[in-house]
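Below you'll find a set of structures to go through.
After this come two complexes, each holding subunit A, first together with subunit B and then together with subunit C.
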Partner chain A sequence: MQLNLLNKTISASILGAVLATSVAFAPLQADEAADKQKGFDIAARSDRSDNGFTSSEVEAIMTLVNAAGRETTRELSFKTLERENEDVGDKGLTVFSTPRDVKGTALLSHAKILEPDNQWLYLPALKRVKRISSANKSGPFVGSEFAFEDFTSTELNKYEYKYVGEETLDGMKVDVVERFPRYKNSGYTRQVSYIDQDVYQVRKIDFYDRKNALLKTLNFSDYKEYDGGVWRAHTLAMTNHQTNKSTTLSYGEYKFKTGLADKDFVKGVLKRVR
Partner chain B sequence: MPKTMTAMDEFAVRLANGVIKKRWLVILATILLTFGIASGMQYLGFSNNYRDFFSEANPELQAFEEFQGTYTKNDNFFFTIVPNSGDVFNNETLALVEEMTEKAWQIPYSLRVDSISNFQHTWSEEDDLIVENLVEGAVDLSQEDLEKKRAIAIAEPLLRDQLVTEDSRAIAINVVVQYPEKSMNEVPEAVAHVRQLRSEIMAKYPEHKIAITGVSMLNTSFQEAGFGDVSTIIPIMYLILIVLMAVTVRSISGTVVTVAMILFASLIGMGVAGFGGVALTPISLSAPTIILTLAIADAVHILLTMRQHMREGESKHDALVEALRVNFMPVMVTSLTTAIGFLALNFSDAPPFWHLGNISAVGVVAAWLMSVTFLPAMMSFLPVKVAAKKGTSDSNFMGNLAEFVVAHNKKLFYGIGAFAIAMIAMIPQIEFNDQWTEYFDQRIEFRRDADYANEFFGFYPIEFSVLAEGEQGVNDPAYLAKLDAFNQWAKKQPNVTHVYSISDIMKRLNKNMHSDDASWYKLPENRELASQYLLLYEISLPYGLDLNDRINIDKSASRMTVTLSNVSTTETKEFLDNARAWITENAEGTMKATVPTSAQVMFTYVAERNVESMIAGNVIAILAIAVVMIFALKSFKIGTLSIIPNGLPILVAFGTWALLVGTVGFSVASVASVSLGIVVDDTVHFLSKYIRGIREKGYDRAGAIKYAFEMVGNALVINTVILVIGFAYLATSNFKINADMGLLTALAIAFALIFDFLFLPALLMRGSGKLIAAKPAETNDSNVEKKNAA
Partner chain C sequence: MKKLVSSIALLAATMPVAAGDFELTGSVGLENRLFFEKGALPGQISTYQPSLELEADLRWQSSDRAWDVVVIPYTRLDAKDGERTHFDLREAYVRWTGDEWTVRAGLGKVFWGVAESVHLVDIINQSDSVEDIDNEDKLGQPMLEVSTQRDWGQITAYVMPGFRKRTFPGADGRLRPALLVDNDLALFDEGTDDDNDVDFALRYSHYFGDWDVGLSFFHGANREARFIPNSEATALIPHYDDITQFGVDIQYTKDAWLWKFEALVRDSAFETYAAAVGGFEYTFYGVSEAGADLGLLLEFQYDGRSDDPAIAPFTVADNDVFVGARYALNDADDTSILAGIVTDVDDASMSGVIEATKRFGDNWVAEIEGRFFMNVDPDNVAFAFKDDSHVMFRLTRYF
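Our next item is the complex of A and B:
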């Protein structure tokens, strides 16, 4: 009898505890969902501020610096065609002009959201186009600290988001949003992006590697507003905290709406570009 | 007390009386000072970086640092995985490798992970270049697939005998790590993770052995060897010395005070090291053992003299004062010379030896100061029982020995002289060997794992940053051809297990670009092709597996890694010399400046560097010690003469080592100055008594020799026994560098006693006998002649 009573007391207290916990956690769960939504909203507002640029052309200089302080540069140009909708990515054509030995080498890419991008490379010395079949998304781009995905346009649906909070960065009010890759074979567990509250542009991204240690930081600067309210950063500086190497991408003037179309982003054009 | 007191004798007597009078103040001050300084120990840390064994000025270190600034740091973990079945190409082993490769990315500070599972296998299909992991989904591979993987892996020059053995018995995973070097805990943190990973994997795949080696394991082993030594050697050393003290000094209170004194001296030495921000290594950790061995000598001399006088019926107070008076000078001089010997280690190229030298020097000086203050203060109130003098004197043996030496001085002089010369002639036979795996004994896990891994894979990487002509130079066909020739040459060298260079990648890509036609497995014929292949390859590589650690960013150099099997230092040197010769003969232009570098290269020359840098240190130590001797003995001739009995035993010890052992690590460089500082003590005690015999007691040479034997013979034997045991006990260290140093020093100390007893008196008996005047003030030859005649 007594035992029974004791059991009842225990059951009651367990029940009480469970109830209390669920009450305590309920708002937390709600908060989590809210943070996800808010993170997505901020990222989407930033991403969509770009909508309608149609196409762009720009030239850039990439400066690589190793841990010993030695520098080297590569010059390249980018042509980009805006995606049709948010379920696919932009199309891009990258042409190398220096170093001399790779002049005319051209990379065509059709970005995908969750599958590996389609990539074709034209090798002028071989006079052949090769399709690159690789599951790798985040490999380094031509020996730099950038992965190809780091500096090409970000696809909104590649990530899940979480709003972290507000901060001040270089005198700007920024929203801090974490994003988690949804695609396989990513080298990153997460990225922390800093998006200003004024014109909604990404100002900084911290990249965390597979073991969730800070790997790289990308700083966006020299933003300029072009016609149609499209913003572009003209200096992208990537620092690798683990190897102490860094790469800076300096862009020239962007040209928009240059009449590029789908036909300019097919395998066949690769041989003709220069 | 004798009437002929020197100024120093007077000072010693005043000091003794003063100390005894204010003994409580002295004791309190000693304890307070000791613990004040010992508080510095809280700042001590353990080194876990092999680079700490090299000074900033070391040219091999500088070359390697530059190399690592260009490519990647070379710290790594290397897992050797061996299935009991004897063949790694089965679903289970490959699944293990796949899982472990994936998990290895979680190792703290890891930069990249390489294994055959994530090896980027490239092949072509029509106009597609396919880049994929060589092994994926290993659990479901069919027998046919497994054989296909085997064929690819064994044929691939980048994998064969580097990540899988040609006979398929073992497979490996290499993890490159880069530490921020901000905290001492980084290496232990990574190592703990790695060991945990191994345990997990071995529990899941029980039919496998996994050995962990690599630079990070080497680094952590320095720390573990140091811990091992501290926890085993030091307590046992204390025990041995307490027993020895109890037996020789035959006084409980004397033993207790001495143990307290040496403990204080060690604490002070380590405390100073802490304030100096020293990172402890197994080498500097032998300092406490050395201090306690050395500190004991001062106490033994003073306690033995006190006991001698008490047995002759003097009161404890008088005996104590007299003990201090007669020992003050020799104890000071021996401590000074020992400290000089240790301080000379600052000339070494290896910072751990600076630390060892400085900690020991501080400890020795502290012990000396305490032996003339704290020791008499304590002894003055502690009870000392001494049996009355018995009929037989224990100095009888010493007296007989003295007579024997005097009688046979000619035979002894030439006999021992000839022996010494014969042994010294053996010195060139000594071979340096600094195989760093063998620094550790079998008690250290790294050594056992290294021995096991060595059965399957090479161990010692030699890196070459092969220089090209300017930016993009690595794509020049002439460069690639030379690089390939160098690679082919290296593969044919004895003890080479693997060679890694981009020429092999270029050949594979060229084949891939030509529909995998085997006849295209050759270098691309122009630089545009080579550059564009590389660009293509780089774009297709995944995160962490890029070529940034293989090619300089401006493509003005690429890295070739040659892996050597478990080779000796001499064999490594042969390879390096041959490689340099190949470069001189075959390389053109910029490539001529290509040099080998790596941790192995640093260790290959560590002995030479240290011997070289210690030559100046040893010369200065010898001169400084001779000067101290000249002043202490107040005789230029005897002081200079002392170099012979001081120097010979060390040289003979080296010769004996050459005969008995043959090889030695870089610690050899430290032995000369350390043992010189110590062996000089015997000579100081013997000669100071000899001179006292002539000047104070008016003996002739034979009489003074007998006097010296009777006065200090026993103390020297006891001291030598203690020192030999103390240093020889270092041979039980986990760390070979300490063991070598300990044994060699013990050998030198043992020889020193033999030389001081049998050779030095014979030497003093030789010649005209004009070595010393009766009184220091008057250098009167006739005086000496008269005494000798008497």
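Our next item is the complex of A and C:
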């Protein structure tokens, strides 16, 4: 009996302590939840600003600059099929026209949210379509400073968010939102995104590596508004702070609603895209 | 062949002659093979085998993207082996693409399969073996190809008039048997001319989650030949037997694993047999600070065919293990190195391969390819190549 009583007393005091602690932390937790929600809301408003673009086609020139300043270029085209359901990802098709030795090489991607994406690569020299692993999230995309995940992980629900605050960037009022990858194999602990308060577009992202050190910065510029209030940046400049290498993607004019459908994003089409 | 020409003409006649996109690109490659040992046969090249490769790539696409025309002429000029100097239209076709259907007529190139060390189910195109013994260089195949893409997958039917004979080295050439193969003596089930015979094939391809699946059927003249010496025993007569083949190729992709399997059942007038290849490719991503990948490959090869040339064409991949590694730097120059060894489980004969490639600037590519024959058993088919270990250097300029 005495033992039981003693136990009860101890339990009661532990309970008291726990209660006291949680009361003390309650406002902080509420703040955290609010910051999470606000971060998500800002990211969602930005992500959803182009809802209904349906499909797009664009050509781009990628310029790679190494630490010594030597430049190499790649010409490529992107086709994207929007899937409005935020629980499934968009479909994408990337085709290279230069360098000439890899002309016709194509990458088909069916993005998922937390599951690994489905990806197929077409090798024109052998006429071979090869399913490839999408575990390679953090690897360099065609030798550039862009990682695979920088292209394939743009879906809203691939991240958790946290609102950080307001700042001024290039004369614009921007919201600063941290995002944390929820998918496996990411090379980043977190990303800090800067989203303008006027048209809700991402203007800059800082990428932090697995050791939480600043790795890269991506600047979005030359924004243009297309029909239907769809905004697209036409220059994406990625700078690697650790290697001093950089990659710039310069996009041409976007074409929207070009009649692309699911059938244009199956592995069978890889053999005839260019 | 005539049927094909008339079907191309028919397609061309219905083609809108509107302005579309026209594109001309090409490449010039200079290569040199260096053999480590003198040829075992009289007259064979002793050390160097330089040659020049030229390829053009002409493409036209109608502005509505429904029609396209592709023409890829290719030629190799070999300084030493006259048989290796040859010309081919790798591709020359007209294609129409509709919503669900695609029709292509002309010379085409098709690849089936998933394995790396041997391409078992792949059969549409004849191998341009005089280029390289890995059978990855192919001759353009005359075909009418009709394909449909549906929610449940892609089905493609091939009608192939005209047969391409495999290419073989001449008397000066290395990597050949003691007797030369004489394609002028070639025999088919129909006699000395296969052009009146038409080959058929059918292919189904799709994916189900992490599984990519292909099923294939082929009926026609075998692309591999049986070699029978002529009565004077001065040359080998290639026999291209009619066969019926069912094939399956499967890849399971999970995380960094690619599991691969190909199998076929092949029936000829002489025997019915099965063959299979299976294994995996596992990749360690980001093994260097700059993001290089290291892939490890392992494949088992089995082939149940008879080793009697009166019954079946020879194969080296009868009961062999392939181990390999691929190192890709993922740099701006696409630098990569592949090395592998195939070992015969029965007699321990080995052949090794090293392939390295790197781009210089935007338009130059340098490649090194080495093939090595080691510990070759006198009873192994590869015994004819035992002195033919070599390294090839190639520099290609793209335009």
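One rule holds for everything that comes next: the second predicted complex is superposed on the first by the 245 of 274 C-alpha atoms of A that agree within 3 Å, B and C clash if a C-alpha of one lies under 4 Å from a C-alpha of the other, contacts with A are read in each partner's own complex, and residues count from 1 in each chain.
By definition in this document, contacts are C-beta pairs under 8 Å (C-beta built on N, C-alpha and C of every residue); 3 or more make two chains touch, one makes a residue touch a chain.
Bear in mind that the values here come from a model prediction, so they are computed numbers and not experimental data.
Student: Now for A:R272: first (subunit B), second (subunit C), both, or neither, which partner does it touch?
Tutor: In the superposition, A:R272 touches subunit C alone.
Student: Pick one for A:K211: touches subunit B only (first), subunit C only (second), both, or neither.
Tutor: It touches subunit B, and subunit C stays clear.
Student: Which partner chains sit in contact with A:A68 here, subunit B, subunit C, both or neither? Use first/second/both/neither.
Tutor: first
Student: Which holds for A:Q197: it touches subunit B only (first), subunit C only (second), both, or neither?
Tutor: neither
Student: Contacts for A:D101 in the overlay, against subunit B (first) and subunit C (second): which applies, first, second, both or neither?
Tutor: So A:D101 meets both subunit B and subunit C here.
Student: Return the chain, subunit B or subunit C, that is in touch with more residues of subunit A.
Tutor: B
Student: Is A:K263 in contact with subunit B, with subunit C, with both, or with neither (first, second, both, neither)?
Tutor: Second partner only, subunit C.
Student: Is A:L126 touching the first partner subunit B, the second partner subunit C, both, or neither of them?
Tutor: Once the two structures are laid over each other on A, A:L126 reaches both partners.
Student: With the two structures laid over each other on chain A, which partner does A:P116 touch: subunit B (first), subunit C (second), both, or neither?
Tutor: Only subunit C is touched by A:P116; subunit B is not.
Student: In the overlaid three-chain picture, which partner chain does A:S221 touch, first (subunit B) or second (subunit C), both, or neither?
Tutor: A:S221: touches no partner chain.
Student: Please write out, lowest number first, the residues of subunit A touched by both subunit B and subunit C across the two complexes.
Tutor: Comparing the two interfaces on subunit A, one with subunit B and one with subunit C, the shared residues are 64, 66, 72, 99-102, 126, 128-133, 135-136, 138-140, 142-143, 147, 185, 187, 243.
Student: What residues on subunit B touch subunit A, complex-wise?
Tutor: 66, 68-70, 72, 105-111, 127-132, 178, 180, 471-472, 475, 513, 526-533, 535-536, 538-548, 551-555
Student: Touching residues of subunit A toward subunit B in the complex: what are they?
Tutor: So the residues of subunit A in touch with subunit B come to 64-72, 96, 99-102, 105, 107, 119, 121, 123-126, 128-136, 138-143, 147-148, 185-187, 209-211, 213, 242-243, 245.
Student: Show which residues of subunit C lie in contact with subunit A when the two form their complex.
Tutor: Its residues touching subunit A are 25, 27, 57, 59, 61, 68, 95, 97, 99-100, 102, 109-111, 113-114, 136, 147, 149, 154, 205, 207, 212, 251, 253, 255-258, 283, 285-286, 290-291, 293, 330-334, 359, 361-363, 365, 396, 398-399.
Student: Over in the complex, which subunit A residues touch subunit C? Could you list them?
Tutor: Touching subunit C: residues 64, 66, 72-73, 98-103, 116, 118, 126-133, 135-136, 138-140, 142-144, 147, 185, 187, 243, 263, 266-269, 272, 274 of subunit A.
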